[in-house]
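Next, two complexes with chain A in common: one pairs it with chain B, the other with chain C.
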Partner chain A sequence: MRSVWVTRASIARAYSTQVQPVISSTLLLSRNPIITQEPSSFEKQFYKYQNELWRRLMWTFPSWFFFKPGTVAEQKYRKLNKPATPDNPNIEFPRGRPELRHNRDRRFKQTISVPKSYEDKKGETNAASETDDLARKIVPNSRITEADLKKDLASLERKLSRTLYLIIKEKGSNTWKFPNFNVPTNAEEVSGLHVVAEEGLYKIGGEKINYFNVSNTPCHVFNNLQENKKEYFIKSHILSGIFEPQESVAEFNWLSKEELKDVLPAEYYQDVSHLLNNV
Partner chain B sequence: MFKSFAKPQSSSGVLTFIRGKRISATNPATERIVQQLSVLAAGRKQPKLLNLSNEDIVKHRTIMSAWKLFTRKKKRAEQEQLNQQYESICNAMNDLKETSPALFELASHKEKRLRFPLEMRFPTEYPPNRPWVYNFTGPVKKRK
Partner chain C sequence: MSKVFIRQFSKTGISLKPGYSTVHPVHHLVKVEKSNLKPSLKELLVPHDDITSIKYRPYEIDQDRIAEHYTNTLKSDLMLNLYQYDADTIPANPKRSWGVDSPYKLYRPLKKPLGSIRTRGQIKPVTAKNIPEITGVTVHSYNKKALVEPWLDITTRLQVATLTNVKPKQLFAKRNLVEFKLRKGKPVGGKVELTGRDMTQFLSTLIELVLPRIRTFKGIKNSSGDKKGNITFGLTNEDMQFFPEIEAFQDLYPNMNGLHITIKTSASNDEQARTLLSAYGFPFTNA
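Let's turn to the complex of A and B:
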């Protein structure tokens, strides 16, 4: 990698301006997805097709092994799974004769219903028993959270299947941007770009943030010609905790890539779009 | 299911029939093994072969090639984005070397004790009961 940097030094020189630019570090703080990606309609259809093929080609379920003959469990199983229509030579079957093996028609997929492990309590909603009872029906949590319904853009619980990025609006400013911090020039000891970004994050968002800095190395440079500024991007992930906006921050949002496109200035977004995750 | 009907027993030379009584041909241990093997074996459990018509074969091939195209496009886009990201890292580091050699040194320095955080979650199909942990009290010690 070092050799690559050396060879491209001449290209980088083109950016330098007459007045020494201000060096600053921009923080790309992301919240990684908590749930899996939403499949597209084509993916859904393809998975359904594959699933149906797989079920059609599956072997017959050996019920005699899992439900011992002569037990109550087997009786319940038999009640739920009625035997298929047998092949009767005296009956005409216009759509083909059934081929029964082990109570399964070989021509089709086998659908099995298994006795429920819980009791259906309709109308009875006892909150205490519902949470503690081991035999309760397992209901997964909704993929859409309250924050999604409220359209709360500042919540970390919104859009669980997407990567969200922190953007802020500073006091007195009217544009959204990624948090940006100038590197102190008159300090005795030089602190790295990542340290500036980390300390800046605590200054704008309080100290109750658990984050993971991906690397010391900046992942991008944006030449802000209007302010004569060089913005180096530092990537970081928020793991837990809460972003509490301090005095300098007027507003903050957690947005996905598509939403950032509408909010950020077009030229700026164009320059950084490849850093943002599509998922 | 796999028990055979009673065979005439001739232990003492005299055949004894018991009407309607099933007696296994083998001892119970062997019988259990036979039953377990019957679960694994293909006998009478295989479905009918898929016999697609010409039209269905064409449909199937179309679906599979569409899927291939879809995944290929997705992978290509991902790879392109990765290339762009690598390019921009190189670009940024070259630029930094020009503007501030001291910062370049700090940026290219690798932290040896840096570990991957255990708190990072792998995405699951459904969210946990509390999707986000808010009660983080603060850093134990600041990294340098």
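Let's turn to the complex of A and C:
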């Protein structure tokens, strides 16, 4: 009986001497997608089919409303849009008889050429007029940026259609991780998890960064058993500015979910992968 | 003023037009639509989303940028932002009974809700299942000048149709008011209920092209809202010129009319609705 008591006491002592885990705050700083997702080939085909169908079923363009008869605009419009071939009972139409309603052949979609609001200056290559002219032709930028081509992982302008997350490599360490900051233990300096994350971000990334904290509530806790740490995740978005690595940071990257899988320690990634955006 | 119901053999409806019915039917309670009975109108019975229907119109013609942004980015943020620890359902604040101890109380119109004029539905804690989203947008254009000059009603509806890509419903004056020159049943403009693609298209135009260019616009008032998560604001007739559909053809629309825009959300109160709308880029102000 006595021996049993002794063993119990020894177990209790072992527990009481264990150190309390360190509370820390991890910053999940992401850059949201800037452009639309790349649709899959099926989606592309589906949208193309639906779009063509929509154009086919569309109402006839009321040109009499937008180009008033007797105006210069109407003359320009008529020059660009020749009237459709009318039906003639005396003529054979090998490709089918036209069905004209309001000058539109009902069998096909209606294609309209609208007079250009800009002038096509083919000979001139004046750089100033190209960039400043309000009436210039609108050409969308490429979805692939310079950073994509250079494979610059530290650039915020890579993978515009994906959510990117900030990971860092601290000096003297060899592992990639999300920025993590310990909450001060003494009673005077102690502050909220989100405050620790915000102040920590400025410490590692300089003050040229404009961010938005989604909530003061952490979205996840990771039990770091190796370092006896509880890491609370604070979700945040970078809105503008740049991340300028300070002294404590050896390297930093902006990576998407798939790239993080290869870089982060496997156990750590498995624990946090549900927080990361698939898009 | 009480509502007038016109009863016909086929259906019963609230009448906003003047006139009366000489028919006194009370004998059948089954609702019958005449178009269902006529063989020549069989084509109209096919549901509009069926490709064989004459009213079929494909909607999913392109990527929906705004809807994608909501599902990919905003939704998870809103769930975290609106999370409250240990939250309970706050019961609704409905109109109250005066009591049942006297026939006078029994038939009296209900008492106002406690501490408020308007009623409020119950507020449930936000979980993954009930993250607030925009369910619809109502664009309503009431043109009081159309009471004097009836043709203005047509231009008002044309303007709403141009902006929203949807054919508006006709609005009629509801009552007789001499001081406002109101005559019951007069056409006074139009309104549309937007959902899906038309809605996201209209919202993106509003957020990105129209509101930023209105110099006097400071934001939607924080006091706006019906306590149930639906937020309304107005645009004046001068603001209409910033809609790109109208901008290039301003001479075709000489008589512009303002709009009332109601954004309907599934949020259970206005505060959540404001959070949702500001995530979409609508500014809010106290002024």
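One rule holds in what follows: the second predicted complex is superposed on the first by the 252 of 279 C-alpha atoms of A that agree within 3 Å, B and C clash if a C-alpha of one lies under 4 Å from a C-alpha of the other, contacts with A are read in each partner's own complex, and residues count from 1 in each chain.
FYI, a contact is a pair of C-beta atoms (placed from the backbone, for glycine too) under 8 Å apart; a residue touches a chain by one contact, two chains touch by 3 or more.
Nothing here was measured: the structure is a model prediction, and the numbers come from that model.
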{"item": "Partners on chain A (chain B, chain C) - clash or fit", "value": "fit"}
{"item": "First, second, both or neither for A:190, with chain B first and chain C second", "value": "first"}
{"item": "Touching partner for A:163 - first (chain B), second (chain C), both, neither", "value": "second"}
{"item": "First, second, both or neither for A:209, with chain B first and chain C second", "value": "first"}
{"item": "Which of chain B and chain C A:173 touches, first, second, both or neither", "value": "neither"}
{"item": "Chain A residues touched by each partner, larger count belonging to chain B or chain C", "value": "B"}
{"item": "Contacts of A:232 with chain B and chain C, given as first, second, both or neither", "value": "first"}
{"item": "Contacts of A:54 with chain B and chain C, given as first, second, both or neither", "value": "second"}
{"item": "Partner chain(s) touched by A:36 [first = chain B, second = chain C, both, neither]", "value": "both"}
{"item": "First, second, both or neither for A:65, with chain B first and chain C second", "value": "both"}
{"item": "Shortest CA-CA distance in Å separating chain B from chain C in the superposed model", "value": "5"}
{"item": "Set of chain A residues, in rising order, touched by both chain B and chain C", "value": "32-33, 36-37, 43, 46, 53, 57, 65, 217, 219, 237"}
{"item": "Chain B residues within the chain A interface of the complex", "value": "1, 35-36, 38-39, 42, 44-48, 50, 63, 66-67, 70, 77, 81, 84-85, 88-100, 102-103, 106-111, 116-117, 119-121, 123-129, 131-134, 136-139, 143-144"}
{"item": "Interface residues, chain A side, partner chain C - complex", "value": "32-33, 36-37, 39, 43, 46-47, 50-51, 53-54, 57, 65-66, 117, 163, 214-215, 217, 219, 235, 237, 277, 279"}
{"item": "List of chain A residues in touch with chain B within their complex", "value": "1, 4-5, 8-9, 11-13, 15-16, 21, 23, 32-37, 42-43, 46, 49, 53, 56-60, 62, 64-65, 69, 99, 101-102, 106-107, 109, 140-143, 145, 156-157, 160-161, 183, 190-195, 198, 207-210, 212-213, 216-221, 230, 232-233, 237, 239-242, 274-275, 278"}
{"item": "Interface residues, chain C side, partner chain A - complex", "value": "56-63, 65, 68-69, 72-73, 76-77, 80-81, 83, 85, 248-249, 252"}
